[in-house]
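Listed next: structures, encoded as C-alpha cells.
First subunit A sits with subunit B, and in the next complex the same chain sits with subunit C.
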Partner chain A sequence: MKIGPALLTVHLWLVLVFLYVPILVMAVLGFNASPLYALPFQFDLVWYKALAGNAKLIDAGINSIGIAIVNTAIATALGTMAALAFARYKFRGQTILQLLLFPPVAIPWLVIGTSMLVFFFWIDIKRGLFAILLGHVALSLPYVIVVVGARLATFPRAVEEAAATLGATPWQTFRRVTAPLLAPGVIGGALFAFAVSFDQFVISYFLAPPGITTLPVEIYGAIRKGFTPEINAISTIIIVVSMGALLLTARFYRFGGER
Partner chain B sequence: MSTVAVTDAVKKYGAVAALDGVTMTFREGEFFGLLGPSGSGKTTLLRAIAGFVSLDRGQVLIDGKDVSGVPVHARDIGMMFQNYALFPHMSVAENVAFGLEVRGRPREEVADRVKAALAMVRLGGLEQRRPKQLSGGQQQRVALARALVTRPKVLLLDEPLGALDKHLRQEMQVELRRIQRQVGITTIFVTHDQEEALTLSDRIAIFDSGRIIQEGAPMAVYERPVTKFAAGFLGEANFLQGSVAAREPNGLARIALQIGGDASCRLSDGQVGQTVLLALRPEKITLGEGGHAGVNALRGKVLDVVFSGNSTTYRISVGDQVMILFRQNLAQGTVAPGSDVLVSWSPEHLVQVTP
Partner chain C sequence: MAVADRRNRGAILALTGPAYLWLTATIFLPLSAMLYCSFLDKSPLVPQPPVLTLKHYAAFIDKAVYQQLMLWSLELGAIVTLCCLVIGYPAALALAKVIKGRWREAMFLMVVLPFWSNALVRTFSWAMVLRPGGIADQAIHVVVPGAPALNVLYSYPAVVIGLVHSYLPYMILTCYISLQAIDDSVIEAARSLGARSGALFRRVVFPMSLPGVLAGSALIFVPAVGSFMEPRILGGAKGATLGMAIEEQFTVTANWPFGAALSFMMLAAVLLICLALYPVARKRMEGL
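Presenting the complex of A and B:
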C-alpha cells in the first residue's frame, strides 16, 4: 500500500472513531444496570423504565418537540418565501439583507441569547414558551433561507416558463412545477430548522422561566446535580429518532444535486 | 392556424434598444426563421410574442387581436426552449399531458391525445421514462410533442436544435419540417445558424441592432442581399468597391473597380461617378489558369488552398484585396498556392448592396 492512501485510510478511521465511539459507548452504558457506570456490563432496561416515570424529563421532551415542530413550520414557510424573493426579485437593499443573514450563524449563541433576553424584557415579552419559540424562529430562519436558496440557485427557470406557455396559471405552475422541484431544498431547510431548535440550549436556557424547561436545559440541569444512566437512555432515544428521520428523508430526496 | 403580426415593436433595456421599431406579419401556416447575431433582437421578439417580454411601444396581434394585456398562459401558444425545459420530475407521458391537464381536459381525452402526440414524434413506448433517461434527440421530440399537443395557435421555437450534434441536428430539421407541415401550424423560430434558417424556413428575416434588415424567401434573401450586413451574415461574400464609369444601353453599368479592372452589372441605384459596393458570392466565381483580364475577369495569385472533401476554398489576392472562392471538386486535384489565375463571374452575380 502506498503511503498516501494509507494516511487517508488512517485519517478516515480516526474521524469515525472520535465521532462515533463516544456515542456508541454512551448508548451501550444506557443499557447497563450500574448507576455508577461500573463494569462489567450487565444488560438491564432499568434506566428506560426510570425514564418513563420521570415526569420532568418527559414534560421537557414534550416542550422541546412541540417548539421544534411549530418552529419548523414557521421558519420553513417564512424562509422559503424569503429565499424565493431573494432569488426571483431585484429590490432595494437586497444585498444588505442577504449579508445580514449570515451573522446570526456566526455570532455566538451566548451573545444572541443575552441580547434576546434584554430585548424581550425591554419590549415586555415575558419569558416562556412563546419567547423561546420567537428566539428559535429568528435563529433557524437564516439556515432555511440559505439551504432553500442553494436549491433555487440551480433551479431551471425555463421549466416555469414552459409551464406558462402550456397554459398553466402562476398558481398551477407553482403547485405542479416549482414546488415539487424545490421540495428537496425545503425539506433540507426544515430538517435544519428542526435540528437548530431541538438542539438549542443557550437561548432556551435564557428565555425559560423557572418551572418550564426544554430537553437540553433539563439534561444540563440533571448533569449538574449528578446524573445516572437515565441521561444515556434519553440521549440514545434522541439519536435514534433524529438519525431515523434523516435517513428517511435522504431516502426520498437526494440533497444538493438534481433528483 | 393563425396569423401573427407585430406592429412597430419597441423594447429598450436601459439605453439599448433590443427592438427598435419592428413591424412584420407571419402568415398562416408558414415556417418563419428569425436570424441574426446575438443581441440583435430576434429572441426578444419571440419572447414578446410569447408574452414574457412586454413591449414599450407597439402591439403583438394574434389573429388580428391585440394580446398585449394577455398573460403568457392565456395566449394559447406552444413553445420549445433551447434546452427543452422538460419537467424533470415527470415522466414523458406526464410532460406531454401537462398542457391538457391544466386546461382540465377529461382523463380519456388526455390519454388519447398524449398517445397520438407521442406517435407523431415517433416516441411510442417511452411514455414512462424520465427526461434524464432520454437522449438529446428524444428529449427534443418530447418537447415538440408537449408544445403541439394542446393544438396552439402558433409554435415558437427558441434555438430548438442548438444543443444537438450535427448529424442529429440535420435529422431533426427534416423531422421538424415534416411535423410542422403535417400539423400546418404557424411557426416562428429563432436561430443564429444561417444554414438551418435557409433549410427550414418558408421565409426569413435578418435582424441587426433591433431592426429588420431584410425579409423574404431564403433564396431571394441569399441571392439578392440588400445590405453588406445581410450579405455577410447569410453565407459568405466578397465585397468589391468601385465607381460607376458608364451606363450602357443594355441596362448594365460599367464599373471601375478599386482593386483595378472593370466590372459590369445591373445597378439598382447609381449615377456615373458614384461610388458603389458590390457583393459577390464565393461559389459564383470561376477559377481559370489561362486567359486575359477583362470585364468581370481579373488576374490574381492563389494565397492558400483548403480542401474540404466536396469542395475546395481558395484565397486569392487580387490587387490589394483577398477574394474567397469555393470550387466544387468535380475534377481531381487543386490549383497550387502561388499560381497565377484568372477569376471571373457573370454580371448577374454581382449584387449592389448598401454599406
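Presenting the complex of A and C:
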C-alpha cells in the first residue's frame, strides 16, 4: 500500500501538467517575435503593442468588462436576496425553486443561447449588449445563490438574536452584525458572477449582432480566420484576469471544505 | 408553522421574486418559445404566418445524416466522460486521501483554476500545441528525428483531448467532494476487519464516492454532447457533431424551427440516457 499513494500523487502531478502545459505554451508564444510561431523563441512585445492599436479588440474588451461589472452587481444583489429567503424561511415550493436553479447550469449553453435568440426576437428585444446582459445574469444567478447559500448554512444565528436582545433595531442588526458576517460569501458570489460573464462565449455569440461583440466572440472570429500571435496575447490577458478573479475568490470562499 | 408561513409570505416573495422573474424571462420562457418554434412550418424570420407542423421532427427521423450526427455526438460525450472519469478519479483520490494540509489546498486551487479560465482560449491553446509544426510536433522531432509530421489537429482525437481538458476539473471537483466526505475511521475499520486494498476500494471507497462520480459524469456528458465550438476549432471538417448542425440552423441557414427540433431531440436523448442509467446507479448505491 506504500506504492499506491505515491503513484496517485505522481498521477495528480501529471494531471496538473496536462491542464497547464497548453495554456503556458500559448502564453509563451504570445511573447515570440515570429508571426508564424517559428522557433527558436525570441522575446518580443510586438503582439502586445499590436493589441494596443487594434480598435475592434479594445471595443470588445470594454464591452466585456462593462457587461461583467453590471452583471455582477445585478446577479449578486438578486442572488443574495434569494439565498437569504432560502436560508431564513421554510416554505412550500422551496425545493422546486431550488431545483429550478439546475436548468441554467445543466442544459447545454447552445440550447439556452439559441432559445434566447428566438424568444428575444419574438418579444422584440434586439440582439446587442442589453440582450447579452440579460443572458449573463441568468447564468450567474444559480452560482451566486449556491455560494452565498453555503455561507448562510454555517451562519451563527445566535449572534443576531443577541444583538436584538441587547436592543439593536432590525436595521442596526443587519448593518452591524449580519452584513459583515455575510460579506465573504457575497464577495465570493460576486467574483463567480464576474468570471461567468467575462468568460461567457456561447450565449454572447448568438446574441451579438454584427459589429458589436464581446472579447470571446471577437476572439472566436479571429481564430476562424487563422491563428496569429495577437490572439495569444489577448488570450493570455484574459487568462490572467479570470484566474486572478478566482484567486481572489479563494481568499473569501473556502474551497474544498473544512478538513 | 402555517401562520408564520403567511406572515412571511411577503418577505419570501420580495426576496425570491426578482431572481426568479429574471430566470423566467431569460431561461424558462425562452425554452418554451423554442419548443413552440420547433413545431412551426417556417422560420419566424419569414413574414408569412406560420402553421403548426411535425415535419421537422419527421425530417430528423427520415434523414440518416442527422441520426448519424446524433450518434456521433452521444459517442463523443460518452468517450469524453469516460476519459474524464479514468483520469480525474485517481487525481481526486490523491487530493482527498493522500495529500494533506496546505499542499492539498494549493493543489486543489490549481485544479479548479483553469476551469475558470476561458474555454475558448483553452481550446485555442490546444490548437496551438497540436497544429502541424506546433509544439507537440517539434517535441517529437527532438526525441525522434525524422519522425513523420504529427497530424493531430483537425481530427477526432484532437476534439476528445480538447473536451477532456475543458471538463476534467468538473470530475475532479465532484469526486473530490464525495471522497473527502468519507471518514478515515470507516477506512480504518474496514482495514482492521481484514479488507485488503483492492477490496477496500471496491467495496467501501468507490461505492461511497459514487454520488460524486455520477454528478461529475452528468455535468460532463450533457455539455459535451452539445458541444460545437471545440469540434469546430479542433476537429475542422472531420469533427461533425449535432451541436455544429444546430448552430448552423441558427447562424447560416436561418432555419430556426429545424434547429429547435434538433435541440429538443438532443435534450430528449440525453435525458433518456440519464434516466435509463439512474436506476442502475441507485441500486449500486443502495448496495452499500
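Methods note: the second predicted complex is superposed on the first by the 242 of 259 C-alpha atoms of A that agree within 3 Å, B and C clash if a C-alpha of one lies under 4 Å from a C-alpha of the other, contacts with A are read in each partner's own complex, and residues count from 1 in each chain.
Rule of thumb we're sticking to: a contact is a pair of C-beta atoms (placed from the backbone, for glycine too) under 8 Å apart; a residue touches a chain by one contact, two chains touch by 3 or more.
Bear in mind that the values here come from a model prediction, so they are computed numbers and not experimental data.
When both complexes are superposed on subunit A, subunit B and subunit C sit side by side without a clash.
Of the two partner chains placed by superposition, A:48 touches none, neither subunit B nor subunit C. One of subunit B and subunit C touches more residues of subunit A, and that partner is C. Once chain A of one complex is fitted onto chain A of the other, the partner contacts of A:174 are absent, as it touches neither subunit B nor subunit C.
When both complexes are overlaid on chain A, the residue A:223 reaches subunit C alone and has no touch with subunit B.
Once the two complexes are overlaid on the shared chain, A:199 sits against subunit C while remaining clear of subunit B. In the superposition on chain A, contact is made by A:165 with subunit B only, not with subunit C. Of the two partner chains placed around the shared chain by superposition, neither subunit B nor subunit C is touched by A:155. Of all C-alpha pairs spanning subunit B and subunit C in the superposed arrangement, the closest lie 7 Å apart.
The intersection of subunit A residues touching subunit B with those touching subunit C, taken from the two complexes, comprises 259.
Interface residues of subunit B, counted against subunit A in their complex, comprise 50-52, 71-79, 81-83, 85-89, 98-99, 102-103, 132, 146-147, 150, 156.
Across the complex, subunit A meets subunit C through its residues 1, 4-5, 8-9, 11-12, 15-16, 18-23, 25-26, 29, 37, 39, 78-79, 81-82, 84-86, 89-92, 97, 100, 103-104, 106-112, 114-122, 134-135, 137-138, 141, 145, 195, 199, 201-202, 206, 216, 219-220, 223-224, 227, 231-232, 235, 238-239, 242-243, 245-247, 250, 255-257, 259.
Residues 1, 5, 8-9, 11-12, 14-16, 18-20, 22-23, 25-31, 33-34, 37, 44-45, 87-88, 90-91, 93-95, 97-101, 104-105, 107-114, 116-122, 124-129, 131, 133-135, 138, 165, 168-169, 172, 176-177, 180, 197, 218-219, 222-223, 225-229, 232-233, 243, 246-247, 250-251, 256, 259-260, 263, 266-267 of subunit C are the ones that touch subunit A when the two sit in their complex. On the subunit A side of its complex with subunit B, the touching residues are 156, 158-159, 161-170, 172-173, 176-177, 180-181, 258-259.
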